[in-house]
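The chains carry the letters A, B, C, D, E and F, assigned in the order they are written, with residues numbered from 1 in each.
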Amino acid sequence: MIYVTRKVHFNASHRLHNPKKSDEWNRTTFGKCNNPNWHGHNYTLEVTVAGNPNPETGYVIDLSDLKSIIEEKILDQCDHKNLNLEVPFLQGVIPSTENLCEVFFNELEEAVNKAAYGDSSLYSVKLYETERNFAEYCPFRK
Amino acid sequence: MIYVTRKVHFNASHRLHNPKKSDEWNRTTFGKCNNPNWHGHNYTLEVTVAGNPNPETGYVIDLSDLKSIIEEKILDQCDHKNLNLEVPFLQGVIPSTENLCEVFFNELEEAVNKAAYGDSSLYSVKLYETERNFAEYCPFRK
Amino acid sequence: MIYVTRKVHFNASHRLHNPKKSDEWNRTTFGKCNNPNWHGHNYTLEVTVAGNPNPETGYVIDLSDLKSIIEEKILDQCDHKNLNLEVPFLQGVIPSTENLCEVFFNELEEAVNKAAYGDSSLYSVKLYETERNFAEYCPFRK
Amino acid sequence: MIYVTRKVHFNASHRLHNPKKSDEWNRTTFGKCNNPNWHGHNYTLEVTVAGNPNPETGYVIDLSDLKSIIEEKILDQCDHKNLNLEVPFLQGVIPSTENLCEVFFNELEEAVNKAAYGDSSLYSVKLYETERNFAEYCPFRK
Amino acid sequence: MIYVTRKVHFNASHRLHNPKKSDEWNRTTFGKCNNPNWHGHNYTLEVTVAGNPNPETGYVIDLSDLKSIIEEKILDQCDHKNLNLEVPFLQGVIPSTENLCEVFFNELEEAVNKAAYGDSSLYSVKLYETERNFAEYCPFRK
Amino acid sequence: MIYVTRKVHFNASHRLHNPKKSDEWNRTTFGKCNNPNWHGHNYTLEVTVAGNPNPETGYVIDLSDLKSIIEEKILDQCDHKNLNLEVPFLQGVIPSTENLCEVFFNELEEAVNKAAYGDSSLYSVKLYETERNFAEYCPFRK
């Protein structure tokens, strides 16, 4: 089994806020991440596809294709955007690093699996909110 | 001459916008950086002090003191904040990387020069907006 | 399953030495890492918690809580310390990167599992002795 | 289970080209990576060994031994070389990152397993072609 | 004075070879960098412009413009190319890191100075051949 | 003028302590860096040579020569050593980052200037104690 990864970057603003809870609960729970005037990050996103390489190309997936899919599905929606207000597939989602990983995985899965060779498929999505804080959604690893 | 540097990080939201100009001018000039819903960055800030070390300590400046000054003067004002709306010393400033460097230098200079040994003094402020885009304000280098 | 990670740094001195063996065995086995006058490292530690996020917060674990636990359990004991002489939970342990990972995992597990949401739990501890040499203790991965 | 890793670097030239296919197929499939005048990379290679540490040393494998094995088996063959023309064990292999990982794993396995403690063994080979594109061969992970 | 920098990456093959000298001189002088089958690198290029920011934009130079100039003048010529054989402005140049910096500076200067605000101008070109070996051409610094 | 740099790494233990002062003064002044049981670092050292390249090679200095000089003059003395106790040229020096830079510069200067082409010469020594704290000794820059 081979795991092939493409890493990309984007910048966005966000705040952590649960609209079903009081402002005080949100302030206490999320601290400075709840700032109503927003803060932001340079996000680093790693998308990993697992499978066997095509013997004609040596590719599990053409990384140019993977790059294009990530651009269309994620970067065009999120780069230089407000993640709470402007991204259709994030409506109703608290934009924690954990939740972003899972939602990005679901956005990418169909197109990635179609572009990957044979029965290779999307394996994990890893997102760095900062160099020190990051999350990975990897539903198939035990 | 010895140059000693402390590197720190902070996260903030901002937009590039000149309120004296039309919305169209701003959109054309700043592109996606003008997004009215804000975007954001993980900023990396490097503050450099130049001078001769104190023979009793080997320090041009105690980097714990420099760290405390940067925290008080810059990080407490800017971290997890909206640079356009919430930072008193940035009112009226277009928060480009270039302008942030110069304003941060001016905010830091008095306290840094007081804490540095002998006639050592603040030499430069370098700010990374992303890993690929950065600016430095260094008024004394030829 | 989501994996969320906090990365931290600390500096320490150590030497590799097995007191049950002769000095010559130690010199031959550990080479310059056996220097009786110690050497040291800037260690980078990554602590990963695995589970499902709390739907109210989007957090598998609040990374501020994880940071506090790592500070109390590991950094306050090890930062700027001699790992052979000064850390109670390392008494009798040869401080190889492998052994440090396993001991740190055991020190962290109870508090991390208590702070994590639901049945989320400590998943792995990864320690970089240098940028080029690192180890991970991950008892549950197959 | 502990995973211990050694990271190394090498520089090489290569091109992606399948000699069983037409020049046009190769140009269309591999784009600029098919340049007949070659291009090149600073490759970063991470070799991971998994197992239990030797209680006498705290080592799963002595990283000096692992370093020597990687130098003999991989770096002496590939560093500052043309991967298509000059590496015996790559004859007939399209040097995609995926294929390089798998071939390197097979080159390393016997010597690594012999040098590792007890039943510890080679676990994965990860190769960065660039900072943004990388692959891992890890045949035992589920 | 403010210094603003854009960092980019490209991959290329090359060899160090002085055609006016014998093969033996070249082998002795350049060692494995003289390999007639080429080797290659992931080059990192930093281009710095110095001056005062435009008060209407806060920009010394619009980094999108700088990015476009670097792409046209350097990346389109050098990325995935053989620096000895395929780059017109490198004909007759030994492609050492030092020489590449100086030639790149000369290729960039006119377009950069035209795009920069007021009398801001190209200040330096820094090129990393590897993470450990790099050169900077900076003709105006004392 | 071209500046060419070689970056290297070494690991060492040290403590900040001025033997002419009381233990209390040392504890107050240097805090945890004064720990009598030592702490340590992965130091990163960058050595820069400035001048004009040799037209026959394109080199300001052969970086293999520079590497050998740094190994002989600095790494063989300091790597895996105690900087306070074991390095002859550091006797009587408080091993602050600032002082180490200056002493390393003086240790390197004669051999570097002899190996560099023409009137090229050692320009600066930059030392990272951690990723966030570093110093540079550069006696000729204005």
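Everything below uses one rule, namely that a contact is a pair of C-beta atoms (placed from the backbone, for glycine too) under 8 Å apart; a residue touches a chain by one contact, two chains touch by 3 or more.
Predicted model, so just to flag it, every value in this text is computed and none were measured.
Participant: What is the graph distance from chain A to chain F, where chains are linked when they touch?
Facilitator: 2
Participant: Shared numbers divided by all numbers used: is that above or below half for chain A and chain B, i.e. same or different?
Facilitator: same
Participant: What whole-Å value do you get for the distance between chain A and chain C if each is reduced to the mean of its CA atoms?
Facilitator: 28
Participant: Centre to centre, by mean C-alpha position, how many angstrom separate chain D and chain F?
Facilitator: Whole-Å distance between the two chain centres: 34.
Participant: Show the residues in chain E shared as contacts by 2 or more other chains, in ascending order.
Facilitator: 131, 141-142
Participant: Chain pairs that touch, all of them, please.
Facilitator: All chain pairs meeting the touch criterion are A-B, A-C, A-D, B-E, B-F, C-D, C-F, D-E, E-F.
Participant: So in the complex, the part of chain D that touches chain C is made up of which residues?
Facilitator: 1-8, 53, 56-60, 63-64, 141-142
Participant: Under the definition above, what is the set of chain F residues touching chain C in their complex?
Facilitator: Counting only chain F, the residues touching chain C are 9, 11-14, 32-33, 35, 37-42, 79-82, 85-86, 130-131.
Participant: Which residues of chain E touch chain F in their complex?
Facilitator: Counting only chain E, the residues touching chain F are 16, 18, 20-21, 29-31, 93-99, 101-102, 131-139, 141-142.
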